[in-house]
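Just below sit the structures, each encoded as structure tokens.
Below are two complexes that have subunit A in common, paired first with subunit B and then with subunit C.
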Partner chain A sequence: MPITRVCTPRLRLLTSVRYCPISRGRPYHSYEHESDPPPFNATEEAVLAAALRQVPEHGFTDASLSLGAREAGYLDITVNLFPRGSFDLVNYHLVTRRLALKKALDAQAAKDDGGSFKGQGVGTKVKFLTLERLMANRPIIHRWQEALAIMAQPSCISTSIAELARLSDEIWILAGDAGVDSSWYTKRASLSVIYSSTGENLAHCTAPKPEAMLMSGLLELFMTQDQSTDFADTQKFLDRRLEDVRIVGSGISNLKGYLDFTAHSFINVLRSKGVRI
Partner chain B sequence: MSVTMLRRRASRPLVQELLAPGISWPQRSCRRASSTADAQPDAAARSPKAPLRREDRDFLDSALRVNQAGELAATLIYKAQTPLLIRAHPHLSSLMRHMYDQEAGHFSTFNALLAKHRVRPSALYPVWQLAATFLGWSTAMMGREAAMACTEAVETEIGEHYNGQVRQLLEMTREMEARGEGVSEEIRHLMDTVRRIRDEELEHLDHAVENDAKKANGHEILTSVIRGGCKTAIWISERV
Partner chain C sequence: MLDHATDVHGDGETSVVVADINADMLAEGRKRARASRHGAGARLAFVEANAQDLRAAGMADASFDLYTVAFGIRNFTDPAPALREAFRVLKPGGVFACLEFSKISAPLPLLRTLYTSWNFAVIPLLGQLVAGDRDSYRYLAESIERFPDQRTFGDMIKAAGFVVPRSGPAWEDLSGGIVAIHKGIKPLE
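Up next, the complex of A and B:
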């Protein structure tokens, strides 16, 4: 992994603002109609799976991709199938580990013959699945810092964040959570933050903080408009966003509870005084 | 708009359905059939149908989201109105109870559909909660007629909204048939659900008019403001 690619995001951004295509999510899951086609075709699957086996030794690099192509019986030229280079390899890891969660859950349920796991609450299953996903990084954990740096590249960050959101969604769904009120959002957002920060600790990583990663989608847009020297405005903007996240994150649940409580007690007091309200 | 006009409008898709050749529409009173289909996604999975097209999935996604938001609002409007109304008019107690129970049923129907089909709720969920509670409370404060005018306005909009959805679902199924794909139980069930709920909303509209909705002070302006608000809320929650 050439370190220069990580250190020059600003330059890359100015010369070519290329966003990875963001898939628009997966609306309306049907049980009777066939679902989405598999995310990787046969060639991609063969090459990327072989390349991933090279990662512990060669890292998330073009070299691993070439070795994987050769091992899978393709010419080196096949690597051209992957225009995003090493990010395609990272993405393959992320997507396949996410999709493997269902099997892991089924296996755990089958293993435990008393059926006690199946009967466990949503919380237990969320914890199990999150841990399971983290542990799936173990074989390549010494290379994870590279992967995080690749994910944080301007051209890849939106895809990375979308994938993090899909992981979080998948975990809540597999865990059997049926909540469809406003907690739908807070559950997914907090799991994303928890997941990405835990992953970071596991890798002893000094890469960008997860909040910074979450914010940089917005930040990029701001930065393209920024005329100030050394992007001073962009840095201030980032600081403000981080502050917002902190305030909103700690305050919102309490605020709603507080408003509900005060409104109710206020109305009840007035009603007890005979006010027709 | 008069109730009879709305009724006529409501029944138009039904006529279309009966006239549409080659489609065997299930009976309208198929609540039993639908609940069994609901309970057995696995049974249906045995014969997978062609994948839904992207635009159909997008439509179903936003349709379920907006319906859930609407039914959430409906339950909260009645919840806010009821204590005020029945203190002054105890005879309305059973009517309010009946309408609230039906709304609560609609709400839990859509909650289950959202969870089952992995549809996200509206991001403005708390906003709809606040707005609906305020609307219910303020109209009930204005009196019985205004509260009923609120129901009249809301149900007129919602009735039209559900009619539009039934039309789009019919269009979707007709295209599926034309492509030779066959229509899944899932889609049929959704269409029946929307029709049944629409009919119940139109009953609420009748109840409101029977209870002097039209005699509310400033009836015209009150209902047009509320209907404008409903239209805007529908437009937003289909998207956000």
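Up next, the complex of A and C:
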């Protein structure tokens, strides 16, 4: 039985549309709108997909967009379809990687006839999906810091943060979160923070250290070594962050329980002394 | 545009065709072009043409990469045939870009009323005082009022066959909606 979400309707303001985020009016997942039209039309999809293939070599730049337009059979001037320039390319990567999570989860669940997730809680799926999304950055990880710089620009930052919020919502929904209380907000907020910090860690770790490169003299060998160790390190980092959240979360709820009990006891003692509270 | 192509992109081959239905406007354009660095070259051409029927001016199908119209489409008798002609003469992947007065998209109806009253009351008066030409400025105010709003014009552009951005804003408002930039791409097939 699908759980209907209790959500406050978003006020639709008639604001000017200059550089607004994708205004579908819904920054959260909704079961009633699962088959929405794709966020990119055919032309955008063709050009951006081709441009994304150029990113490992040319980075998130207008050069990648032009090359992508040419490869897709369009003219150089067609990049005018993307007034936000390289941010449109970053946004395409973020949206497509987010929408690919569902397939990844289904593929993993279908493996061993559902054995990987049988009997496991929501936490296992959250960890799998977060790792899956981080690993999806692997082909362009050496360009990721450039992408972060683009996302941090004032005209783009609200869209980037909205995308991060949608990603964390998507991960929780796919993992099967059914809560409708205030933990809906805290879960998504904590996952957004963990994901960004782990993603940052991943981006930093993969940049090869120049001194070690000089010492080893074999660039390719060092980079392949670097990547495998660091991705294992990143997985351990993610484990530690998720454990932190669990410990802190349980710590806070214990503290709340303790304070609650103490306050009630205090009031009851005062009442027993005759104070009218 | 030629300066941008030459100085920013190092492109010395791009050429521009300037079209207008009024021969006097074209003459004024030629005069200004002579004073610029591109006036003498072969990269700038002036053609007298009706935007609603460019075939009569000899413009072939799929012969242009970029079609721009700034504060002009409001004056066309019927923008829809002009949009279809733009679609015809553009190459697949070509860009149609239009800068035009539009409706204020602010939430307060008061702002819109103020803007309209200013257009109809003050502008013709200033035109009379400064240029001695009240009628032209009254026409300006009327043509702005008559022109469809951003969403309707965007739909007209789509109806002509253009593809407009879906992942980002479909048009760009300037000065709260007083002026809007619409862009469309001619699809490949």
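Heads up, the rule we're going with is that the second predicted complex is superposed on the first by the 166 of 277 C-alpha atoms of A that agree within 3 Å, B and C clash if a C-alpha of one lies under 4 Å from a C-alpha of the other, contacts with A are read in each partner's own complex, and residues count from 1 in each chain.
Definition applied: a residue touches a chain if its C-beta (ideal position, glycine included) is under 8 Å from a C-beta of that chain, and two chains touch if they have at least 3 such contacts.
All figures in this text were calculated on a predicted structure; none of them were measured in a lab.
A.B. asks: On the A-aligned overlay, A:Asn91 touches which partner chain: subunit B = first, subunit C = second, or both, or neither?
C.D. replies: Once the two structures are laid over each other on A, A:Asn91 reaches subunit C alone.
A.B. asks: Looking at A:Asn80, would you say it contacts subunit B, subunit C, both, or neither? Reply first, second, both or neither.
C.D. replies: After superposing on A, A:Asn80 lies in contact with subunit C but is clear of subunit B.
A.B. asks: Taking the superposition on A as described, I'd like to know which of subunit B and subunit C A:His29 touches: first, second, both or neither.
C.D. replies: The first partner, subunit B, only.
A.B. asks: For A:Ile173 in the superposed arrangement: first (subunit B), second (subunit C), both or neither?
C.D. replies: In the superposition, A:Ile173 contacts subunit B only.
A.B. asks: State whether subunit B or subunit C is in contact with more residues of subunit A in the superposed arrangement.
C.D. replies: C
A.B. asks: Between subunit B (first) and subunit C (second), which, if any, makes contact with A:Thr124: first, second, both or neither?
C.D. replies: A:Thr124: touches no partner chain.
A.B. asks: For A:Trp184 in the superposed arrangement: first (subunit B), second (subunit C), both or neither?
C.D. replies: Only subunit B; A:Trp184 stays clear of subunit C.
A.B. asks: Can you check the complex and tell me which residues of subunit A touch subunit B?
C.D. replies: The touching residues are 26-37, 169, 173, 178-182, 184-185, 256, 276-277.
A.B. asks: Using the touch definition from the top, list the residues of subunit A that touch subunit C in their complex.
C.D. replies: On the subunit A side, the touching residues are 13-20, 22, 39-44, 46, 69, 73-75, 77-78, 80-84, 88, 91-92, 95.
A.B. asks: Across the complex, what residues on subunit B touch subunit A?
C.D. replies: Interface residues on the subunit B side: 41, 44-45, 47-52, 57-58, 60-61, 64, 68, 84, 87-88, 111-112, 114-121, 123, 125-126, 141, 184-186.
A.B. asks: Quick one: in the complex, what on subunit C touches subunit A?
C.D. replies: Per the stated touch rule, the residues are 65-66, 91-95, 97, 105-107, 150, 163, 165-174, 176-177, 183, 185, 187-188.
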